[in-house]
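So, here's a batch of structures to check.
Shared between the two complexes below is subunit A, which has subunit B as its partner in the first and subunit C in the second.
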Partner chain A sequence: MIEITGFSNYHIATIMIAEANMEQADVFKHELITEMDSGKKQILISFENVQYIDSSFLGALVASLKYALTIGGDLAVYGLNENILNLFEMIRMDKVFKVFKTVPASYEDGWIAG
Partner chain B sequence: MAKKILLVDDDRFILQLICRALGAKGFSCRTAKSVHEALGLLYDEIPDIVLSDYSMPEIDGFEFRKVLLRDKRYKNIPFVFYTSFADEDTMQKGLEMQAVDYIDKNTPVHLVVSKLNNILDTIRKQHEKSLFEIGAAAEALNLRSVPLAAPTIEGFKLQFLYQTYNHYPGGDFIDFIKTDENTVFVILGDVMGKKWGAWFFSFNFLSYIRSAIRLCVFDGISSPASILNKINRIVCLDPVLGDVLSTLSLMMIDQSASKVYYAGAGDLPVIHFSKADGNIACVQSAGLLLGIMENGLYQEDVLEMHTGDQLIAITDGMIDFMTETGKTSDYTLFVRKLERILGQSDTYKEIKDQMFSATEDESVVDDRSIVIIEKI
Partner chain C sequence: MFLNKQFIFDNKVQSIQPLMHEVLNFIRENVSPDRYAVKVNNCRHVLVELLTNAVKHSGVENSILSIDIGDKVINIRKTDNGRPFYLKEYGNFPLHASFVGEQIEIHKDELYCIYAIVESTNSLSFEVVEYPIHSLDQIMDMEEHYGLLILLKSSDSVRYLFKEVDGSNHFDISVSLA
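Then we have the complex of A and B:
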């Protein structure tokens, strides 16, 4: 579901599916939390491969962020297509997640302040 | 929608033969020459049924079945064995692994297709029966996430439409609370999550929302933003709702002032049609989804309603649809469709006919709700 790579002083988790939906939401959350538990606490989630996201997957995304915050971690998102970005803005997910249009140089680079 | 089948066999000829016959009968067929290949295809897309050979090199059909049973994403996909050695022991072994049936490879191809159709048909009927029984139980307990009818309020017309997705109840909920002759609260929300889970939690959310509105009104508070704030604080503190989030559009109709007070939590913008100039405004609320954090940043908009003005609130099912390249969400397209409908003599009927008609069903991907408030 996700492929994780180290970048600068954080990690990038790339979602490997085009349709981020209800069937995938639990697996996604589980994989992300497993990565955070293994010490990768600051994760930028890449949506470059994702064409569509449903509300269940959004729920899993927020639940993962809530978990990250409880362990002193952080999640941000990157690579949203136009429709998904519009949806994020329309339902204020952009106030919950820092949304990046380009990969930040480091965790400190605009992420924390966001 | 075409029924999707995954066909697994190491014999390329059989794959082609069956696939062609299934294709001619409207199945969408994907083929794999090995279990390894099949798992790759399953990862991309969940089929309606799997037809797999027993005897294959490296990993055989039994092992394949075991792998699927261990994985909760795959274990409920109906599984049929397709084999040339149909001795009783093998059959028994297959059926013990929760395969729904087996088909002998000597069976003529057209009968294979009929048999698969029958299996899918039986599964569908059983499924509908279960849904019906659960629905009847919910009805008996008076559990409704959508009311039977909207209340009446002088000077306004309140209407709504709701449609389940593939007969599944979803997370959408609607309610109207008339606190006095002058005031009606309109509730429209969508619990994020899985079909049954979302449906179940919609009752929790509705209970909180109904209580909060009543208690606030008792205390002289009628501001939707203040009420939302209280609901959100309760939701954040409730461990049962832990990871469950919900959108909410909360509107308070003040009949005597001809105003609607609106606050929203992670909801889609409400569409405000002005009859006088034909203008359509999308009113975006400020608040976060219920349950994210204690300070949900809720704010209120006051919408003046003149005769013929309309307000449309929707859940995300209305903007999600299937295209040739997959699912997508397009709010702008939805508003564009509405432009042709708003302000007409019977907007409700037009929306029902154009957006809830049978021809729309193919592209629908979620449960869908729409509430229409009109100043008359």
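Then we have the complex of A and C:
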């Protein structure tokens, strides 16, 4: 489901599926939390391969962020297509997740959008 | 101008994307390019969530998606004979007449509150209230259920209708073309 690679002082988790839907949500959350538990606490999630996201997958994304915050970690998103970015803006997920248009050079100052 | 087309959905998650494309093609062919460009994301979000709702909650093999395209609005209706909308302590549909007019809080967290308004013993409308985001604590208290919120924010109205005559459920979503 996700491929994780080290980059600068953080990690990039690339979602390897095109349809981020209810069938994939639990696996995604489990894999992401497993990575955080192994010490990769600052993770940029790449949506470059994703065509659409449903409410279940969005719920898994928020649950993962909440978990990250409880262990002193951080999550941000990158590579949202126009449709997914529109959804994030519509329900203000862009105020919850830091949305990057390009891969940041390094992790600094926290990613929570606030 | 008024056009209608119906689509059968087999309530399988792998059918969501092909059907979504089929429906969006029908809309694109019958709406001006400028209006389509402005509203395509709204329609896509509505379709994904209506179809996902059918997979998750209907408990039956098929749903019908009916698309009406008028001059000023696109109406998207999902119909099935599965489980009716559940309002916890308010009981099953048809609801008791004493509930008509009530505003029922069905979802609330630090960012949003969603209400169901009992329009009749067999119908509901929905409204959402937004709260400002100003702290990390709000994120920790966020709920993780977004289906109805996405429907409400993507459209101009969301209604649920239960038809007693055949026990069918109807979600009616309007997306204005204005």
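As a convention for this text, the second predicted complex is superposed on the first by the 108 of 114 C-alpha atoms of A that agree within 3 Å, B and C clash if a C-alpha of one lies under 4 Å from a C-alpha of the other, contacts with A are read in each partner's own complex, and residues count from 1 in each chain.
Keep this in mind: a residue touches a chain if its C-beta (ideal position, glycine included) is under 8 Å from a C-beta of that chain, and two chains touch if they have at least 3 such contacts.
Computed from a prediction, not measured in an experiment: that's the story for all the values here.
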Combined model on subunit A where subunit B meets subunit C, clash or fit: clash
Contacts of A:Asn9 with subunit B and subunit C, given as first, second, both or neither: neither
Which of subunit B and subunit C A:Tyr52 touches, first, second, both or neither: both
First, second, both or neither for A:Val27, with subunit B first and subunit C second: first
Touched partner set for A:Ala63, first subunit B, second subunit C, both or neither: both
Offending stretch of subunit B which, after superposing on A, collides with subunit C (from 55-63, 73-81, 163-171 or 253-261): 163-171
Shared contact residues on subunit A - subunit B and subunit C: 19, 21-23, 51-52, 54-56, 58-59, 62-63, 66, 83, 86-87, 90-92, 95-96
Complex contacts: residues of subunit A adjacent to subunit C: 19, 21-23, 51-52, 54-56, 58-60, 62-63, 65-66, 69-70, 82-83, 86-87, 90-92, 95-96, 112, 114
Complex contact set, residues of subunit B against subunit A: 44, 46, 73, 171, 190, 192-195, 198, 243-245, 247, 266-269, 284, 286-289, 292, 297, 316, 320, 325-332, 365-366
Touching residues on subunit C, where the partner in the complex is subunit A: 13, 16-17, 20, 41, 44-45, 48-49, 52, 55-56, 111, 130, 133-136, 139-140, 142, 144-147, 149-150, 153-154
In the complex, subunit A residues that touch subunit B: 17-19, 21-23, 25, 27, 51-56, 58-59, 62-63, 66, 83-84, 86-87, 90-93, 95-96
